[in-house]
């Protein structure tokens, strides 16, 4: 139905015309050749491995026993990804367009933290944004059906986006007012140390998360909290209702659009089901039914 | 479809006929002229700024370092809002009608806390109700589409209001009975110090908030709590179901009302369904139905 | 549509034929006369008051300052409710049928705790089941529309009852297995002291309540908990989906049943909207539209 | 509609032709004879009892008072279940097919833990997987309707499985990135001791479980947490929307398939819609459509 969004399909940074740049481009950016496929799969393995290394390195016990080894591995990955980034820049005809594209920025951000960590050690862990590089997987494996599902979700969310925005603005007003009231009612001795903290508590209550690090202690505070919990419960239904109604409508549209190709040749009436052999309006014989792959997803 | 609710559209407090009051009215209450637009935008900036000041002032560290400055800023804002309130009162023809309107009361309440804080310091933080003044934003920016979304949400909630009320009354009975049972089972030594406290706990459990400040300790109490959690899970579905069913119905109505492009050529009445052959207003034969791509989105 | 369930409409315990018993019956069981209305309203006030007394009495501070007075009030209420119960028994023709009816049992249970508390003081607080007596309110105030809403909720829940039962049995199996696994993984030192306790924790996790009184400490335990939380999130959608689909279907049925009364007198085609003046199938003039009160709820 | 899945209906491990093996097979695998029914009911009772024994044994107080007795009971159950497993193996014609079937593996796993506990005592509690044997109940009691409900749930979940997988992969990426950010922002002193721990916290926050064993302490961390809670709230709607839309569609299909009473008088084909005038299978004119009360329930 809708055409795949360009960020997930083959990008258009300018395919070189000939020479080594075309060969590199075919390997790095495309997944149709054997070499390109091997390259993409190795890249995915490297990304997953480098994330595992960063996660393991953050665990104190592992860091103390295998710290230097993990550090070495991380530098290896970073050097490889840097080389890959430079290769990408070199082999496209419009390097600037690649560098400012969604994946170009992610590719850069994925190598920066290791270098920056030389100066700001605490940024070290941010290497995990490398996980976003995996979004390429959908392109690599030609997971067209999954892309369609993403688009289904995306369309439904986009269609209800404005409703959700309006809803969020209402929730933020409520949460600000209620947080302030609780700050006044409970006061600083009961953990509601400031209005921002109270708003944080109000959000955790209305969303039914309920950490419990801050809780009302006075009777009036508990009464207000009870009211907020019931309210949060009620309005929890709102975003669900918005998204569900949208999805049901999208789904119905898919279904109702599927068989419009089936028209009676005699009276031109439409909407005959897949199992019908005769037109239900004039009784003429229908043309044979053909399942279309693109409408069945 | 439905006409915008009067509280969000241009108000009707009586527009003056001429003189400085008309000029002021045009600036303060309307947003069509350049001056009116500048006034409204400055007002929004002032409201956001004054809220930020109150929130910052409530943080202990900031209060100690910048307390006097923030206090001065707050008085400045309050004087400005007071002047604005008086100007609004002066330039309308029916000041009493404005003073008792929804926005009139909010405008008053938005300035009161600073004055009251002279006598009751703890009311100081309530200035944050100023955030409700931002509801005007929708009028200022002529966000007609957003107003429509608010009305969609409002209609759906209003239509399911009675169902939700009935549901809430049932939940309150359950919560009162279960809270009392837990008070008897767990007793005061396990944190269930009184029936109101137990009801507060029951509400936090049934709504799946689960603060964890009070938790059952005995085996029987935990059995009952498990039962309540599963029950809460089940009935969590009820308000969601109510609102979702309502929204899906409203949305379907929108869709079915959408083909207003189908107009009778004789009487120009609109809204004839896809299956109609004759105009339902004047009985004339309708032009053949054509599905339009833009009504399917 | 559906006839009101007999337990909420006027009961049938046998109306006496004449004498003081008929007069009492009219006052106590019916709400059509002025005396009956006054009686019902006083009863509701007494019920709410007696619940308030029990709740207040459970708060330690109030109990110490006003204990004897509250105790006296409670005995007063109990005597009144006992007298009322005996009067109800006396004035119906079939006392046994009343005593074994839903409201008859609640009326008895509502007075028992005070007497039992003489022997088992801890049962004292159970007087709060008196709140269930308020279910009569719906009959008293002739809140027919609200009864209809209750029935709407009830029908939707009953229709999905078997699905929810199947769903609950699946959840219970999952929770038992996962609770046992966590008991093995985390062990008694981390708070998972027994399998029942672990199952209680598993329920609180899967239902997204998350008290936090027991939490996994080991890495493996946290991995399993993460998996359970995501799973709980996913299956949270199931009861919601069941109830919502049922409600949407019920609502659609209401809508589709509403206008079937509008039939074209010429061609007998049905389903003409409330705003149509002419038949959309044959072009004949439609009979005037009449809104029916009972189909509009 | 759909035929019952083979794993829940009578299995096909090869029914013996004659002799004691046929008699045993009839008792153990079938539930049509009186002996088979008694066998199945005793089995269910034994399973429930053995689970109760393991759960009771895990409670410290009960273990100390009745430990040896419970241990004996457990060995008795294990011996019985082992004998039953061997009997099942003996009387089918294709023992390997049974041993590798779903229920064959569960039957084996249900007896293993007691034996393994001789060597690895901590595996003892895993006997609770015996609860999965209860899945047979649905076959035993010929709970055809309940099996249909399971299939309804299963179909709806399977149909939305790919959407939910895509959704989960997106959630996992978000949770990994947010967990890493919180690890950097909050640091090890505030409980976010490693990236895996932070991811565990992020999952408990986004799913609105909110244990509260780890909570943000810094202002920036709380701001990010607030954002995550609101986001989690919004995307909580997505799986609900997916499943609900699927269920509503399945339910509508059931309903639309319901008027099978509308049958062509010529070719006896069923399922003609309310608006059809001619049979869609043979082209004959259909009898006029009559709404039946019983299909509207």
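Per-chain residue numbering starts at 1, and chain names A, B, C and D are given in the order in which the chains are listed.
Methods note: a residue touches a chain if its C-beta (ideal position, glycine included) is under 8 Å from a C-beta of that chain, and two chains touch if they have at least 3 such contacts.
By chain, UniProt protein names: A, B, C, D = Ion transporter.
The model shown is predicted, which means the values in this text are computed figures rather than measured ones.
Shared residue numbers account for under half of those found at the interface formed by chain A (Ion transporter) and chain B (Ion transporter), and the copies are therefore classed as meeting with different residues.
The chain with its Cα centre farthest from the Cα centre of chain B (Ion transporter) is D.
As a whole-number value, the distance joining the C-alpha centres of chain A (Ion transporter) and chain B (Ion transporter) reads 29 Å.
Look at where the CA atoms of chain B (Ion transporter) average out and do the same for chain D (Ion transporter): the two points lie 41 Å apart.
Across the assembly, chain D (Ion transporter) contributes 59, 196, 208-212, 219, 236, 240, 242, 244, 246, 248 as residues in contact with two or more other chains. Touching chain C (Ion transporter) in their complex are the following residues of chain B (Ion transporter): 162-163, 165-167, 170, 173, 176-177, 179-181, 183-184, 187-188, 193-196, 199, 205, 208-212, 215, 219, 222-223, 225-226, 229-230, 232-234, 236-238, 240-242, 244-246, 248-249, 271-273, 275-285. Of all residues in chain C (Ion transporter), only 59, 208-212, 219, 240, 244, 248 touch chain A (Ion transporter) in the complex they form. If you check the complex, the residues on chain A (Ion transporter) that touch chain D (Ion transporter) are 51, 54-55, 58-60, 122-123, 125-126, 128-129, 131-132, 134-135, 145-146, 149-150, 152-153, 156-157, 164, 168, 171, 196-197, 199-200, 203-204, 207-213, 236, 239-240, 242-244, 246-248, 250-252, 255, 272-273, 275-286.
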